[in-house]
Structures are given as C-alpha cells and as structure tokens.
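These notes open a run of structures that come right after.
The following pair of complexes shares a single chain, chain A, combined with chain B in the former and chain C in the latter.
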Partner chain A sequence: MTSTTALFISREDLIHLLEELSGTLEVVAPVLVGDEAAFATWRGEALALDDKNPLASPVEFFLPKKEVLFRYVQYSGRYTFSEDPPKARLIFGMRPCDLLALKVIDGIFGADLSDLPYAGRRRSTIIVALNCTSPGEGCFCRSMGSGPVAEGGYDLLLTDLGRGYLVEAGSPAGVYILRAHHRHFEEADIEDIKEKERLLALAGEKMIKRGPFPNPEKIREAIDGADWEEAGRRCLACGGCSFVCPVCHCFSVLDQGVPDGERLRCRDSCILSGFSRMTSGANPRPDPGERLRHWYLDKFVYIPEKTGLFGCVGCGRCSRVCLGEADRWSFFREATE
Partner chain B sequence: MKIDRSKMGTDTLDGFGGDRIVRAAPAKPESYIPFQAEVVDIDVESSNTYLLSLRPMNEEDEHVAINYFPGQFLMVSVFGLGECPISIASSPTRDPLQICVREAGKITQGIMAARIGDVLGIRGPFGNGFPVGSMRGENVLIAGGGSGFATLRSLINYIADDREKFKEVTVVYGARTPQDLYFTTEYGSWQAAEIEVGITVDMIDATWKGNVGLVTSLLADLDPAPGASALCGPPMMIRVVAKDLLGRGFLEEDIHISLERHMKCGVGKCEHCTMGRYHVCTDGPIFSYDVVGDLI
Partner chain C sequence: MEKIATICVYCGCGCGLVLHVEDGRVVGASPSPAHPVSRGRLCVKGWLAADFVHHPDRLKTPLVRRGERMARVSWDEALSLSARRLREIREESGPDSLAILTSAKGTNEENYLLAKLARAALGTNNVDHVARLCHAPSVAGLGIALGSGAMTNPIRSLLSSDAILVTGSNTTEQHPLVAATILEAQARGATLIVADPRRTQMAELADIHLAPRLGTDVAWTNGMLNLIIGRGLIDEDFINERTEGFSALKELALRYTPAAVERITGIPPGDLEKAAAAFGEAPRAGVVYAMGTTQHSSGTDNVLALANLVLATGNVGRDGTGIYPLRGHQNVQGACDMGALPIFYSGYQKVEDPAARRKMEAAWGTDLPATPGLTAVEMMEAAEEGRIRGMIISGENPMISYPDRGQVIRALRSLDFLAVADIFPTETTALADVVLPVASFAEKDGTFTSTERRIQRVRRAVTPPGEARPEVEVAAELLRRFSVTADYASPEEVMGEISSVTPSYGGVSSRRLGISGLSWPCPSPDHPGTEILHQGSFPIGRARFYVVEQQHLPEDLDYPLFLTTGRSLFHFHTGTMTRRTHLLDRERPKATVDINPADAAALGVRSGTMVVVESATGSLEIEARLTAEVPMGTVYIPFHFAEAPANQLTTRTLDPTSKIPGLKRTPVRIRRADG
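Right, the complex of A and B next:
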C-alpha cells in the first residue's frame, strides 16, 4: 500500500476505524442532536453525513464559543497562572468550505503564533474532510473558490460514493492513519475515482443551476453602492450571522472568580450594538447599517488584504439564520448580477 | 527600581526610536497570561485620576519598564474584574514605569483601588508609539485635551531628556476645570527645558488666573512654527486642532494622532478596535492625519 493511491473504505469499516481512533483521540463528528446534524464528540452514534453541513461550523473546535485562557490562583496577594494543554482530537466530516475558513483564520490567528490557544489546538487536531456531494440550498462555495472539492488543508479526505468512501491522504499524519489501520481499507479501482469525479462535477452543476451566483470581484462595488441605511433598518443586529460564520472570530475577554478564578474568552460579534462602545459611552459604530457595512467590508476587502483570501467561504450559513430579511445570499446575488 | 541601562537595546527602526531605545516586543507574544507588576507609588493627579508607578515582579519582565516608546500602551489586569488598555504615562528615559488611570468603569475602579504593594497584571507594551525618530531635528507641537494628556506626558518627558535633538517644542493642554489638570508640578521643569507650555481650562474657579477657552486659542497666542505634532484628546478637539494646524502649514503626514478604542486583546485579533481596515491596537494607536483624517 502506498500513500499516493486512493483507498476505499466501506461504511461498516469506517465505523470500526472511528472506534479504534476514539481510543486515543477525541473523535468529533456530525451526529443528530435533536433533528439537526451537529458536530459533537462521537460516542458510537449514527453519523449524520447525509444532512446539510451543520449550522455550527467545526471551526468552533479551534476557536470555541467559550474557553478558559488561563486560571489564576492568588496567594498572599501574588498570583500563579495555569493553562490547559490542547486536547488531541480528530474532526471527522469537515467540509471544504470550513477547511478554507480555517485557512483564513490561520492567517489571522496562527501565522505568528501570537495566539497560543488557537495554535495549540491547530497542531493537535487531525482533520478528516468530506468532499461535498450534496451542497445545501444557500451554498455558493463554487463562487468563493472553497468547494465543493477540498483543495488541501486536510489529513484525510473522504468522498461519499454511496456504498462506501473513497479515501485520500493529504498529510503525513493522514498517511500514518492509513498505514496503522490498513486492514479497514482496500485499494480503490479506477471506477471509484471516476465515480468521485462524476459526483463532484454533478454537485458543482447543481449549484450553477441554482444561480446566478455572486461575483466576488464585483462585491466591493456593490458594498459602495448599497443602501446601508435601509439594510440597517432590516437588520435586527442579533449577531446571528456572525455567530454561525466559520470565518468570524471576534471575541471578548472576561474574568470569573475572586480571588481565584478563570480568564475566559468568548465569542463576540461586531454586529452587536455595544461591540465597539467605549467605557466613556462613545460608540464609533452606533448604527446597525454601519456595522453591517463593516462586516461586508471586513470579509471582502480587509481580510483579503491581510490573508490573501476572502473572508467569506460561501457556506451560506448566514442566510440560514438571518431573521431580518437582510438575507445575505440575496444581497450578494442581487448586488453582483 | 534598579535598571541597568547598558542593557537597553541599540536597534532602531526607520522613523521610530532613536539611538537608545529598541522597538519593544510584547513580553509574551505567544500567550494571554500577563506578568505581574507591583504598585510601588501612587500619586493623585485629580479627584478621579491616579498616577501609579509599577515595578515588574520578575527580573525577566523588567525590560518592559524601559523598552517602550512614548505613545504605547499596556493591557492592565485586575484579576477578577478583567483587563483594559491603559496608555503609558512615563518616559522610557526615566524610572519608574507609570500609568495614569482615570475612573471610568469597573476595571479602572479596580486599578485605582490598588494600594502600594498590590499586584496588577500587565501585558505589553503594545501599539506603535509616536515616531520620535522622525520628530528629531523638527519643531514639535504637542496638543492634549483631558485625560489624553497622559500619553503625551510620556513624549514630553522623552523630549525634555533629549532636548537638544529637537527644535522649538510647544505644549498646549486643555482640561475641563483647573482641578482636572494633570501633572501640574511638572510644567515648571518643562519650561526649564525650554519647552513652551500653554494651559487652558473650560470652566474657572476663583483661584484660576490662567487662560480660559479651547486649546486652539492657545495656538493662536503661541503661534507654533510648522513641524511635527502629536495630538491626543476628545475627537472634537482632535478635529479642531488638526484643522488649525493644517492652516498653519503643518503637513498632514506630520500630524500624529493617538486614538482610543475599545480593546480586548491588544494583539489585533479580537476585532473590537477596528477602524476601517486598521486595528488601533497594532496599526496604531498613533496614526497620522493623512491616514485617518476622514475616519475621525
């Protein structure tokens, strides 16, 4: 068995593989929580891979909604600090859009290692990605160049062929897993690879049929020309879009506990009214329309300047949660038709 | 605090720093854990403003007390209340490290509740600082309003300690009332160092014999010659003073403005301090007028 060949794994063997891996790692996979698929620690339940991409992105396992930055313990007026080491983890079923989102966040959090908690989790997490054969309704990854085919950033890549999965390795860690658990895999034949290409081309076509799609090149123009006052009236400033966006990474920091306690980091959102308000009460962005405009500018102008990648990966999650009919997808589409 | 000044670096960056001070890197660039500094002295600047002198507890953190620039800031922690950005009020040319804190919210109240011997958490220094390198050989005008004067005091003392490198130096400063004026005991030493000092207040009391009105009225009186300038204060004051200076022939790129924003991380990640494409914490807090003139 060589590392470059594509392999095949049956559905049953995949479960056996995950069972073996969960002996040494925390395995995170999409499972049904209520009626909806969500990424959670896998304990042998049925995998919810056929449903659309879960609303909460697996990027949350790198930048959690809430985490302890460090603990402080006071003794005699002096403090000692402790940090938790990152958990060894495997994320199974991460889609191409979320993979690209992670790459964008690498450009902001990871590149200079100035964010130790993120960098630690990044290094200790194995990613098993899943090519997207059935893109959701609001998805436009094709336009943003993130999918439906994963272009890298994974340790292992799976493609659902119906009777099982085609498996490709994308890193030494991925090759290691294939070798260590080789009895679950068989060599894929040329038909399997052809089938993969057919399915993914079909997925791409499905999205084209649903178009027209936003043109990222034209979005700057659209942002300049949009009526933000009107958008601000429709926006409820609930922050929902930014809490489900896999690229959004705003956070707040707070302490809990006196004299001993924890410094927590939790997700925040630039859409919320108090986000940039200072203690004096002065608020540089008091208007919801202004904040919405900043959100778009950050994704399509500022983040590209910093990372070379768009701050939007076309996962369509913001449109799935928007209550204010400030429907993001139609904004993109109408603005750039 | 004993500081071995021979340990001070000699590296310089273009436009920043000088022959004595390195551009300081954050103490622990990889972690959010602060280092501890002991409060060694407390001065009362006004009814709601204290000047705290700090000494890092560990030797490995002592470099922070000298390796910084006027205009940089620290993230100061009171454990249990949180962390907030506070500008450095002392000059790296003098001991000790000082921060000037005005009572504004719960964290500043917590800092002001500290007594001598208590410990605060410190991360930093952060931000770019004033381009003191490019100010050398120039006339320098320093204009402050209210609590914004704290960061300018760092620059004024820095210049006073290296006075012959600068041409005419003028300081104008306005506060709400005479009781709100900071660093009143130091004006004499600045004048002794041939720095012209103009002070004004908005509202007077029976004891006040000085100027009344806006800092721009001081500019009209003192008529500073064009050169470099450093501004910090309320947004309205910044706009008015910057316009005035442009009228006097100051160039947009020579008007350096220290901006204030809400901050949580200090390292350009939490996004609270964004101003257009800029992070005030890492791209600033000092911006020149040609960059932020239309954003302030």
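Right, the complex of A and C next:
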C-alpha cells in the first residue's frame, strides 16, 4: 500500500474508523444541529454529509471566533501567566473551498513571523477532506479555483461513491492512519476510480455556468466602477459577510478582568464602522459603501498581493447570510463577462 | 466543540441561532439555516449574542444589603430573608403593598412562575413588565378592534404582500430580520411606504416616505382612509360580512381631507395620495408598526386608526395581509401571554372573570385576589407614595428604561424592601436590599415566544457562573417559602402546567417544539398551531371600527423642540448586555442628541458640541450630532446610556386606555453647555 493508491471504505467501516480515532483525538464532523449540518465534536451520532457545506466553516477550529491567548493572575503584585496547549483534533468532512481558505490564511498567519496559537492548532490538527459531489446553489468554487475537487492541503481525501468512499492519502499522517487502521479499508478497483472521475466531472459541469475564473484586472475595474453608495444604502450592517467568511481573519484583542483575567482574541469585522474609526473620532471609511469597497479590495487586491491567492474561495456563504440580499456572485459575473 | 441550537436573546424577531461551545464556554454564535425567520441570517447583535455571557462583571453570588455594603450570602439566606420581609410587609399593609416586575428577557416558564408568585403567594395582581412601555396600546387597541393584540401574520407572510406600510418603526435597526423580509418583498415588487418623522434607513429605501410631525399619526392615517374611501378602494364585502361600525368611521374620515391633514401633519397632499393609492389598490397589503406608534399619550388611538385602515381594505386573515405590531424584546409576547400583566392570567384570561379565577384557584390550590393590579408606571407612583412597600424586580432596569428617571429613583428609594434578580449589576440592583444572580439565556432551558407568536425552545448551552441559578428555580423556591406547591423537576414541567391552564398554549409541550416551534393559538396536542389569525372569523365575532380623532397638541413656548427617543442597532435597551459586548459598544460608545443642522445653526451648535437638553422633568448634558435624519423641530436621543439617560427628560403623561407613557414626544429646549 502506498500513499498514491486509492482505497475504499464502506459507510459502516467509516463509523468504526472514526470511533477508533476518537479514542485518541477529538473528532470533529458535520452532524445535525437544529435540522442542519454543523461541524461539532462527533460523539457517534449520524454524520450529516449529504447536506450543504455547513454555514459555519471548520476554519473556526484553527482561528476561533473567540480564544483565550493567556490567563493572567496577580499575586503579591506579581503577574503569572498561563496558556492552554492546542487540542489534538481530526476534522472530518472539510470541503475543498475551506481547505483553500486555510491555505490563504497560512499565507498570512504562517508567513514571516508565524502566529503561535494558529501554528500550534495547525500542527495538531489532522484534516480529512471530502470532495464536493453535490455543490450548493450559491457555490462558485470552480471559478475561484478551489473546488469541487480538493488539490492538496489534506491528510486524507474522501470521495462519496454512494455505496462508500474512495480514500486517498495526502500526507504522512494520512498514510499512517491508513496503515494503522488498515482492516477498515479495502483496495479500490479501477471502476471505483472511474466512478470518482465521473462524479467529479459532473459536479464541475454543474458549476460551469457559474462563470469562468475571474480576471484580476477586470475585477479591479469592476471594483473601481461599482456604485458603492447604493451598495452601502442596502447594507444592514450585520457584519455577517465577514463573520461567516472562511478567509476573513481580522481580530481585536482585549483584556477582560482586573486584577486577574484573560487576554482574549475575538473576531472583528471591517464592515463595522468602529473597526476603522480612530480615537480622534475621524474615520477614513465613514460610510457603509466605503467599507464594502474595502472588503472587496482586500479580497481581490490586497490579499492576492500578499499571498498570491485570492481572498475569496467561492464558498458562497457571504451571499447566504447577507441581510441586504447582496448577491456577490452577480457582481463577479458582471466583472468577468 | 459543541453546537447548540437556540433562540437569540435580543429582539422580537426571535431568530434561531447556534451557540458554539468550547470547554464549557460559549465562544461564538452563528445563524441557524433551517430556522423559518433567520434562514441562515442574523443581525449584528445576533452574530455577537454570545459575547457577554462570560463577562467578568456577571453576578455570581446572592448579595444582601448590610448598611452601605452588599454582603455575600447563601441562596437560602437571601431567599428566606426576601420571603420574610415580603411577608412582614404584607401583614402590616396588605397584599397590595407588594408588587413584582417580571422580565421580557425571561422565559415563558419564568414569567409564568413569577406571575404565579405575585398572585398565589403574595396575593396581589400587582404584576407587570416592560410591555407596559411598548405594546400595551396594541394589546388594548387590537384587543377591542380584532379580538387579539398580537401580530396577525408571521413575518414571512410579508413576502407575499403587494404593499407594506411601515410606521413608527426603525425596522432596519430594531427588527433587522423583519426589515430584511420587507426589503426582499420590495425587491419582488411590493411598494414600500414608510411613515416616520426621521429619515431612517427604512425611510431612505422606501418608495414613498411620509414625514409627519411627531404625534400626528391619527391624522394622516385617517387621511389615508379618506382618500381610500373617496377612490372606492375599500373592501365592501369584507366590511359587510366581517365588521361593524363602518358608517361612523366613514363620517369621521370625511373630515380628514388631504388639506386638513397637511395642516396638522405637514405631509404634502401629493405624498398622501400616492400612499393611499398604493395601499388601497394593493390586492394584499400589510401594516407594520412599533414603538413610534405606541409610545404616545394617544398610543391606543394610533393603533385603532391603523386597525381601521386594514379592516376597511379587507387586509386581514390572508397571507400577505395583516397588522404587525413588532415586539421589542425576544419574549415580550411571551411575558404577556404568561399573564405578567395586572389584569390577565396566562392566555389573556381576565382576573376579574369569576370563572377564570375559580379555574386558576383550583389549579394553584389557593385563593386569588379579584381586583386588577397596578401597571408598571402606576407601581412607581404608588411606591413613591408609600402604597407599595415591597417589590421584586426580575431582570428589568427601570432606572434607565422607565420614564421620568428622577421619579423612579424616589420610588425605589421609598421601598422598604426591594429584591432584584439580574445577570449583571445595574443601576437598579444598586438600590436593592437583596440581589439574586440568575442564569443568562445561554444557561437555561425554556421557551421564548417571538413577535410572530412563535413559541420556540431555548436551550442551555453552558452552566451559569458561580452560584447563579435559572429563575425558574428561584421562583419555585420562593413559591415554596409561601407554602405554594412548586415541585417542578424541569422547565418542561412548568410548561406542562402552563398548557393545562392556558387554552392558547393547550397543545404546547417542549417535546413538540422543533426548529420551527409552534405558533399560538395551539389548543390541543394534535393542533398544528396557527400562523395566520382571523382567517374565518374574529375571536370577538365581528371586528369593530373605532372612531378616533387626532388629539390637539398643545404648544409650549418654553420648550419649543420635541424630543423623541429610541434604540440603536448596536445596543439593546439599557445596554446591560450590549455595552459589555466589545464590538457593539465600540460601534456606539456614547450617547448623542441628534439635531437637524438648521436647528443647530440657530442654536450655535456643531457636531461634538456639548449641549444641555431640558424638559419640564429634568435636564441632561450630552454631545450633539448634526444630522438631517431628524426633521427640524425634532431631536432624538437613544436611551441606552446610563451616562446620559434619555429618560431623565421624559414625562409620565399616560395614554388613558393602556397607561403607556408618551415617550416619543417630550417638549424640550436646548442650549450650549458653555453658554
């Protein structure tokens, strides 16, 4: 058995495998919460893999919405500090778009001076990805080059063939799992591999009408030419587009508690006016439209300059949550037509 | 990481959200995609709903006043002391010297038990809550006109409307998910009419914006009716078959000609005509309103005028039609349903009705008082006069949210005993003799009932901090100390009791409540709930038109401006939770008074100038903000801020029917602080 060989696992064996893995790791998988799939610690319940990609991206397991950077305790005028080690985790069922989002964030939090809490979680997490055979209505991963087929960035990769999953390893950790738990796997035959190719081609075709890969120059032009005032008039300032985005990563840091307490890092959002307002009260981006323009510029100009990748992976979540009913994809479509 | 589906704690939209819990702490929230209202979306408060839960300021132990200090005590001591003091006061001055204010932030189960505590244990109907300050006029007005004070249709119904009239509602900031639904309807072709003196975002996005002078709502509503009748756009079949009293209304409407309406309201006749035509011609039209309609000394009249409008055009009982009083708190509907009102048991059964009383006496195993109790604002007056001597306040902060703050301070200071239950220290807990630390929405099980009558499950995601407890347990403990049986193993058992005594909740049980909850009336276990009210008939048989006249508005030359108050998108009420949510407080860190640039120029005021706002009841120093969002002659202050409490200025002029104070129109004057 080598890492390039594809294996096959039945649905029942997959559950057995996860049960075994959850003996040593926290297994996170999509399960039903309030009738819809969400990533949470798996405790043997039914997996919710047929549903849309969960609204809350598993990127939150690497960049939590709120984390304690450290605790401080004052004793006789002296401070002592403590922090928690990262958890050993396995994330099961991460989709290609979220995988690419992680790669973009690697380019930001992993570059130059690497961010220690992020790097720690990155190192201690195993990723079992799932190719997208049934993309959601609002997804445009193909246009952004992230899906529906995962390309790297995983330890194991699964493709749903109906009667079970085709499994491929993408890292030494993946190979190790395949070997250590070999009795749950069987060799895939050539038909299985053909079936995978067929299903993924089909998924790709479904997305073709969602437009070609955007041309950066055209996007820049579209951003410059868009009516941001009108966009801002319709924005209800929910911040959802940035809170839900797997690539958005802005945070603020605050200390809570005197004299003992915690230093917290919390998700922040450039859509909120307080994000850019300065202590003097002056705000370089005073209007919602200007803030939205910045949001697009960051994703399509600034992040690519820094990482070589777009700051958008086409997961479609920002359109799903928008209270002002802004359909981002129509913007891109216009930009690329 | 665990994920728990529950309901947002802030506004009446009642959005479904998922709490993200890591190692026993709530670390985030995200929208529930399958929920019928949120459909995968939330407003900014919802996205950040989890942020205050573990704030270090949380109350963690019961406290008892010892002179100027508050001492930590055990629950047993705090509760026994409370029970003893309340009993002593009752013996000296009778049961009506006691009162309870419950909380629209509490669950149905909590409100039910606190109302039971007032009636069955203390022996008084003096129980009320913040609904007095928001939708008492809806309960009173829609109650007599349609037979039910609640929203007639679910929020989603607006998607099928052809015209939507929004009045007295800053919807994008106060009920963002309703606003999103309305804007979705507009995008599908509905005409959006917004009546608001302020140029809110909603007004900005409207197809037709009417900007009436403050307090002239009856006039323009009657004026629309005048035009609708004149153009033959009334629904005669509906009027004949399902209503009574139309002829008197017709006569009244005749007098509200566009010219007369313009004199009173300042609305140009052309605008009024456009609005009347759009509303009258629409096959399906709905009216959405909120505090801008009710918080007036003519609040009930305002509501009745709107009811006339929907009845005359036959816009009741069908999808896409209806009247939508938007409830402020996530459970203010439920608190009313549960009988946290001085004249009603749960399900709006009157305390004066001997049959209802006998039923409740049998259920609770004790005698119950027959006379209606005092309303919230009346309680404060009675407290100042010494007629009320002991009070329990659960989760309310009247020091900031009630009108005429100076009077509230005097009232609460006059009490011989005050117990306050809350999650954070507030301006009100500061005056308490006993402070009881209770669980937040993320720490308890139960149900909330949203503005659309949707009864939904709230789930415990984490344990309360320190010794804090869910209020169901606190209320049950107190009931037992008054020898009333209260052996509830869980909030579900309380719901069992609620459904056994409340016909409209008769079929509700926690087990039945899935992601979509159930809308009342739901009389039996196999009943699917009722999303649209009044489909075949009204609870009162025929709906009634009421003749309502525009009140004369006296001018006061000493106070030439009018102050109106409201809330910001980023804060909720007295800010107990939102001001402890870092990103929300950063959005709106301080209070300002909004002044029209023309008024400001006359006063010599610029943005950032400190000004003094004075009314007959008090004065306030506050920073000015210049904006054309407010028309000339009107100024606006959000009431969240303890540093500049807007209610220092407001008065207690009450609406005669519903006893709501006229918070939305206080005569004031303004001068520069340094001048």
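Basically, the second predicted complex is superposed on the first by the 325 of 337 C-alpha atoms of A that agree within 3 Å, B and C clash if a C-alpha of one lies under 4 Å from a C-alpha of the other, contacts with A are read in each partner's own complex, and residues count from 1 in each chain.
The working rule: a contact is a pair of C-beta atoms (placed from the backbone, for glycine too) under 8 Å apart; a residue touches a chain by one contact, two chains touch by 3 or more.
Computed from a predicted structure; not experimentally measured.
Chemist: Sharing chain A, do chain B and chain C clash or fit in the superposition?
Modeler: fit
Chemist: Counting only touches as set out at the top, which of chain B and chain C does A:Val321 meet: first, second, both, neither?
Modeler: In the superposition, A:Val321 contacts chain C only.
Chemist: So, does A:Val301 touch the first partner chain B, the second partner chain C, both, or neither?
Modeler: first
Chemist: Based on the superposed arrangement, let me know which partner A:Pro86 touches: chain B (first), chain C (second), both, or neither?
Modeler: Neither partner.
Chemist: Output check: A:Asp268 vs chain B and chain C. Expected answer is one of first, second, both, neither. What do you get?
Modeler: both
Chemist: Taking the superposition on A as described, I'd like to know which of chain B and chain C A:Gly257 touches: first, second, both or neither.
Modeler: both
Chemist: Could you say whether A:Gly34 touches chain B, chain C, both of them, or neither, answering first, second, both or neither?
Modeler: second
Chemist: Determine how wide the angle is at the CA centre of chain A between the CA centres of chain C and chain B, giving a multiple of 10 degrees.
Modeler: 80
Chemist: Chain B and chain C, closest CA-CA distance after overlay, in Å?
Modeler: Minimum over all C-alpha pairs: 10 Å.
Chemist: In the superposed arrangement, what residues of chain A touch both chain B and chain C?
Modeler: Residues common to the chain A contacts of chain C and of chain B are 252, 254, 257-258, 261, 268, listed in rising order.
Chemist: Considering the complex alone, what residue numbers of chain C touch chain A?
Modeler: Contact set of chain C toward chain A: 1-5, 16, 18, 20, 22, 27-28, 30-35, 40-44, 46-47, 50-51, 55-56, 172, 176-177, 179-180, 183-184, 187, 201, 204-205, 514-515, 569, 582-583, 586-587, 589, 608.
Chemist: Where on chain B does chain A make contact in their complex?
Modeler: Residues 26, 29-33, 36, 57, 77, 79-84, 104-105, 108, 117-119, 121, 235, 260-262, 264-265, 267, 269-277 of chain B touch chain A in their complex.
Chemist: Residues of chain A touching chain C in their complex?
Modeler: 28, 33-36, 38-41, 52, 55-56, 60-61, 64-67, 233-234, 236-240, 243-244, 252, 254, 256-258, 261, 266-269, 272-274, 281, 320-325
Chemist: Mind pulling up the chain A residues that touch chain B in the complex?
Modeler: 69-70, 72, 74, 77-79, 81, 83, 108-109, 112-117, 119, 249-255, 257-259, 261, 263, 265, 268, 270, 275-280, 282, 284, 294, 297-298, 301-302, 305
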